[in-house]
């Protein structure tokens, strides 16, 4: 009895100090976490929550973003090696939080448009961001798993948040069932990894990878794990949920899913594969990633051409982009990691921006989502058209926008890894993809509308789109800034 | 004065600019005409002075080069704008400026009242400018500038009345035809230049010719050079097979036909060959080709001339035929003879054309000789001069044509072959016939023109040049009297040009000497033939009009063939022009370009789009199917793992 | 457990995993499909526990604990989603739920 | 080498101008027009300053401005010009104000956007010609597509959408190939210099050392990308569509400058970077060029649309340029360089004239004209002049280029056969055919359509546009030395780089 | 034939059979019941692996809480039976079963090839100690504190989510 008490005291003495310290170290995380609690309280007790919550969550997200930039040099591993701080982790944090903040901006009017306000929307959004952050910072499979689930569960709900729309229901159901299925696969993979590596600490796994890679069971486990995440990044052939879900989910959320979710999943893959990355020891999974990269790029671009619904088109384009980033994973060297992170940053802002614009143009109950709704937009609303055009050019990888440099850098890594053929497949698919990105511009600028396009709202969405555009331009013209930052923390 | 020779080039240019830019403002025909003519007249004077200056100089100092500035300078190529004043170019310059001046003056009268009088004179001056560049240039490229320049001017002047009909088509079609056919020649000329540059590493006459003289170069190369250059010459000087444009060129105003398509431009080819005599002399094979082609051209053109009824057409074909003579001369190595004939021909052919112009002018632009007749009493001056010219061209003893033509015939015999001589004589015979057919049908017999036409003598501004030219065509021959009459060195003309052709003649192996008796005999035969045919023409067309009809009736086939100029135009049209057009339109454009090449481009896009249409069906919306695909992926991945064991 | 080699457990769990996936692939009722997913999770758990006790590492079992939490959370959300759908379409047959396709 | 900011100004002025334009009220059209004109003229003035300060006795690049841009991959903002690029820069800066002035009245809608895009376009074009870093080059090369795409797409004809998209995708497909080659080259450079680099001077050292088996692929990638831009047969089909659909200004810039980027690229990159491959492939490329010359001319001959005719004539003319480049003799390369300028001037003038008459009658069908010489003599004279220059009449610019190219290719040891020149020279004949035929049908003959009688002759503004172009046409024709001397040194440098390996060795190298 | 083995075989058979029955019964409720049976047998297997705590949790949380929730929802929606399993898209479903079997075969093959038992020597004490609630608790609250916190957030999010989707407020 007594000794058990002392044991407890010992424990508390041992950990309390350090843990207080750690709460500062993970300030970005803790800001979001506390934000969640507070917003729950606001939602419960304030009748003005509809006005307060969005701004509150934006403040939380922005401050978290700021703090992650501020603390970026504070790189260490805490919580008994379950979480890493600083460095590229915080670059990811910045992506997530900024992306989410922009999403919130565009959500404000979007939710009004649908008349059904859920305070929970913002809470869940924050929680999903928390999940992403955990994934990005994870140093232990436990953290990865919990972060993943936190994010996924929030997304399941967010996808179906307009629960009165059967489209939203379908989206959330498909996302949920397939997501859970993927979770099952991931868990099984984790089980095998744990069994063979005899640990869940990524650092140890990475350290022993050379030995473990001879253990076929371990490789199988890794494969299942990776496949689970290939599902999350929506890479062919595990992409099939993406189009339906993006189309069904509310536009703003789709924006976050296609960016934050993807980015988080990629961060995990980078963490897990960092073992095989230095390239000196052979990259076991290169064939796997090379194949799914090629397939995703080609499939995404080709099918996107035949789409008429813009959200669906963007979904396929996001599949293609997943493919480009998988080139980086296949190449598997420091350049490619840097390339992927840069690409993710660029892609996040491009896509969030696009979805913001789409959300603004979208009318009541899913009108104006067809491409035909974009005819003559340049006359109706030149600003939106210009922004859209900019995002389209950036997505199609044209200089001087960020999208181009991401591709450029990833192709460099591919060529360095003697994957020139993959790079060539990449350019082939980007040529194809140009076609459907341009089509939007054609409709907006070149086509003469036979009927006046429906009135399109502006509101805060414009703000988020503009910020995204600025970020893209900055990243495009001065890619060195971010790049040197990333590479500085890579080694 | 020789150092100011470039003025002779510049003055016409100035005239062109003044008339071309301000011509429309100057509402005054006189002034325009004076500006135009004086520009040429002045340059004629300059040429004349420098001619006499050169004459004063000893033979070896008679060649000068006047450099102006560097034109093109790239790599090994260094082309100067520089003018070469030597015996040959001076002769040419005299002809061009002299005859040119007369024709300018004549045109003041002829073009009187034309709505774009100024434009005409601008073009004429531009032509003189180009022509002077052609003959004075000291290198091939500048010569080529003139070469194409005169082509352009002939294009512009043939199409001068661009809205008039001409035969089947319009004048502008004739103009285009002229330019394009000339371009074909120029194409050869260009290649010739390139080959010369490749061989001699220069395009400057002096360098090229000296090198050609000193360094041994394979005859094959010379052959190609000569051939290419001759293609150019044939294009310009309307030789077979490129002669088709010249008859059509008659669409232009008559002074133009006189100046460009008789006296000067068409002889550029002759000049060029003469200028490059050494190169040709080094390729005897090609020389023979030239001789033969010249002869054939002369002959066939003459045959066509026999039956033409358009007064200008007759003259046109006679021009072609006379040019054939000149090439015959060149071909047999008698370069100076060629040039000599060039000069005399310039006189009497220009005279003929101007006379014809005067007639046409009088007959209100009617050109069909069948509708003339008995004009003698209406326009005596024109008649006399025209008659003299006709005699001259027929080689009437003592007139200029006689000397030059017989010299050529003699060389054809002595340096060529008997056959050549016979054909030559036959041609001469026909020439005499159709010229006098023309004369008699026009000036003699009863008046066949309708009564609303009141023919009248042209104003003196037109007749004076006629007279001057008449005088020239009478006495012009006496500077080149054959040796047999004048004794050694008597042929001043040949003597004057000798230095230019000496190297070439040295290159050609000497021919066997022939006795004077032979020469006299041949001369007598040809003269007799000419006179005979003149009388025959007189008989047919004044005494027994009607014979012609019956004869033509007898040989209908032959007659039609001749009237239709051996159907050459038609053949070209259907064998070359049409196929190219059809192929380019039907095959190249409509099929190859639109269907194949562009089809490949659009096709690939189309295929991808359709592919998308198909592949998208794969996304069939059933959750379980999605899961199934995932499982499939997993299965395959695991399979890959197992294989990699 | 000395006499029972770990392979037995692994194979068993692999089998149940496969059965679970089969169920996911063939059942129409969304709830049942979800139950099959739970089956998959459990089979994975079995592997984890087997390893953890053969290795004498608690981590595996702790992880199982987390998996159960996740399962619970997913159950809550998933069933809520299914209910929402049922409200709109009054069916839980996933074959009838495919307005989004191509 | 002294640093100089002039080129940076050259790029910054139009860029700043276009950005400023965004803040101008679009209703204020006259101001916008003047603004655009003034900005572009200012650029022209700067380029003239460069021209005067340019020392054509130096072989290397001048007015260098160089600072690190993206240190991670050693990309630096590195600009500079030599004689070749100087000429093209001058051409660009000269044509831009001209085109802006020419579209004074013809552009009726969205004047602000138009001016904006034109200025952006100028930035892109100039950037392409002055950048000495492949990455930078590529950025400009691609970025320039965007404004052109809009210019065709918004202000174009009926099938503008098809044309613009085709133009965009076709060109981009090519340039992406080049991108891969650039990356490959950079990665290869890392093997030699130790670091990934795209700096041209460095790569000049690396390229020739790459063994032929690999080099040839890089060469082909570059070549295809440039061939599409030129356009070299059979990559030319985007050109007629783009030309016909684009507004006059667009066509002029397209023909005048954009096409030159292709040939410039070949000259600046393909030859010096991959000499072995260049020499070995020279005959094959030249065959394509010659085919292009004849093919383009023949197809042009049978066109019924004036713009299309001129477009195909461009295919023919650019064939000459490519032939000259791959002849790799001083004469030929010099000829090609001057011919680039010539084509820019004469074809530009032709497009302007076609545009002018189109503004009056709104048709480009040759058949709907005839006998306009009487009605609008000034126009007819101008058209004649432009046609003659494009036919290559001695004394006008066209002749100089074509003559030098043909001469050079005739004696070229690389091509080593007369056939190229003989066939190419036949293009000279066809040129006369299609040009004069078009001229005859449009200008000569009796007036075919009574509607034509009411045509107005060239206005002061139009004359003001054409005269400077004609002056240059004449200048180059009569005294080309002014321009030839600028590019002489640089051309020789290129040739020396390309023939670094003597020809016979290459023949053997090709064997293995 | 030791006692452990017999136990294992006993539970394993039940687990395997019940799982198969579970996916093959048309009636959802029956499937649910068999799933519960399956869970119980798995709990038994946990016991044979000395994982007392987990096996208890398995019974309480899974079989107890979660499955009850399932049954509850099933009743709520009174879902009809699926007439025949492989009605319509039968080929596809057969193919699906084949794939599942193939995956099983592959994993089994890999397991047998890898022979994990070869590497480790089972140590009863360690495994018993590992399974104790004390040990698990310590691990949970010290080493895996952060994931534990995350779990808290997860449950919060799940609750809120369930509320949003299922509550009747906006009807």
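Residue numbering begins at 1 within each chain, and the chains themselves are lettered A, B, C, D and E in the order written.
The working rule: contacts are C-beta pairs under 8 Å (C-beta built on N, C-alpha and C of every residue); 3 or more make two chains touch, one makes a residue touch a chain.
Being a predicted model, the structure only gives us computed values, none of them experimental.
Q: Could you give the fewest steps needed to travel from chain C to chain D through chains in contact?
A: Contact-graph shortest path, chain C to chain D, evaluates to 2.
Q: Could you say which chain's mean Cα position falls nearest to the mean Cα position of the entire protein shown?
A: Taking the mean of all protein C-alpha atoms as reference, the closest chain is D.
Q: Counting C-beta pairs in contact, does A-E beat B-C or the other way around?
A: A-E
Q: Can you give the whole-Å distance between the Cα centres of chain A and chain D?
A: Distance between chain centres: 44 Å.
Q: Can you give the whole-Å distance between the Cα centres of chain C and chain E?
A: 6
Q: When the centre of a chain is set as the mean of its C-alpha atoms, what distance in Å lies between chain A and chain B?
A: Once rounded, the distance between the two centres reads 80 Å.
Q: Would you kindly tell me how far, in whole Å, the mean C-alpha position of chain E lies from that of chain D?
A: Averaging C-alpha atoms per chain gives centres 70 Å apart.
Q: Considering chain B alone, which of its residues make contact with at least two other chains?
A: Correct list: 605, 616, 619, 621, 623-625, 627-628, 631-632, 634, 638, 641, 645.
Q: Find every residue in chain C that makes contact with two or more other chains and list them.
A: 10, 17, 20-21, 24-26, 33-34, 45, 50-52, 55, 57, 59-60, 62, 66, 70, 73-74, 77, 80-82, 84, 94-95, 97-101
Q: In chain E, what residues contact two or more other chains?
A: Answer for chain E, listing residues that touch two or more other chains: 96, 99-100, 103, 107, 110-111, 113, 116, 143-144, 147, 151, 154, 157-158, 161, 163-165.
Q: For the protein chains shown, what form does their contact graph take: line, ring, star, complete or other?
A: other
Q: Can you give me every chain pair that touches, using the contact definition above?
A: A-B, A-C, A-D, A-E, B-C, B-D, B-E, C-E
Q: Mind pulling up the chain E residues that touch chain A in the complex?
A: 107, 110-111, 113-114, 116, 141-147, 149-151, 153-154, 156-158, 160-161, 163-165, 170
Q: Can you check the complex and tell me which residues of chain C touch chain B?
A: 21, 24-26, 33, 94-95, 97-102
Q: Which chain E residues qualify as touching chain C in the complex?
A: 2, 4-5, 8, 12, 15-16, 19-20, 22-23, 28, 31-32, 35, 38-39, 42, 45-46, 48-51, 53-54, 57-58, 61-62, 65-66, 69-70, 73-74, 76-77, 79, 82, 85-86, 88-89, 93, 96-97, 99-101, 103-104, 107-108, 111-112, 115-117, 120, 122-127, 129-131, 135-136, 139-140, 143-144, 147, 151, 154-155, 157-159, 161-166
Q: For chain B, which residues are in contact with chain C within the complex?
A: The touching residues are 616-617, 619-624, 627-628, 631.
Q: What residues on chain B touch chain A, complex-wise?
A: Against chain A, chain B makes touches at 605, 608-609, 611-613, 615-616, 619, 621, 623, 625-627, 629-630, 632-634, 637-638, 640-641, 645.
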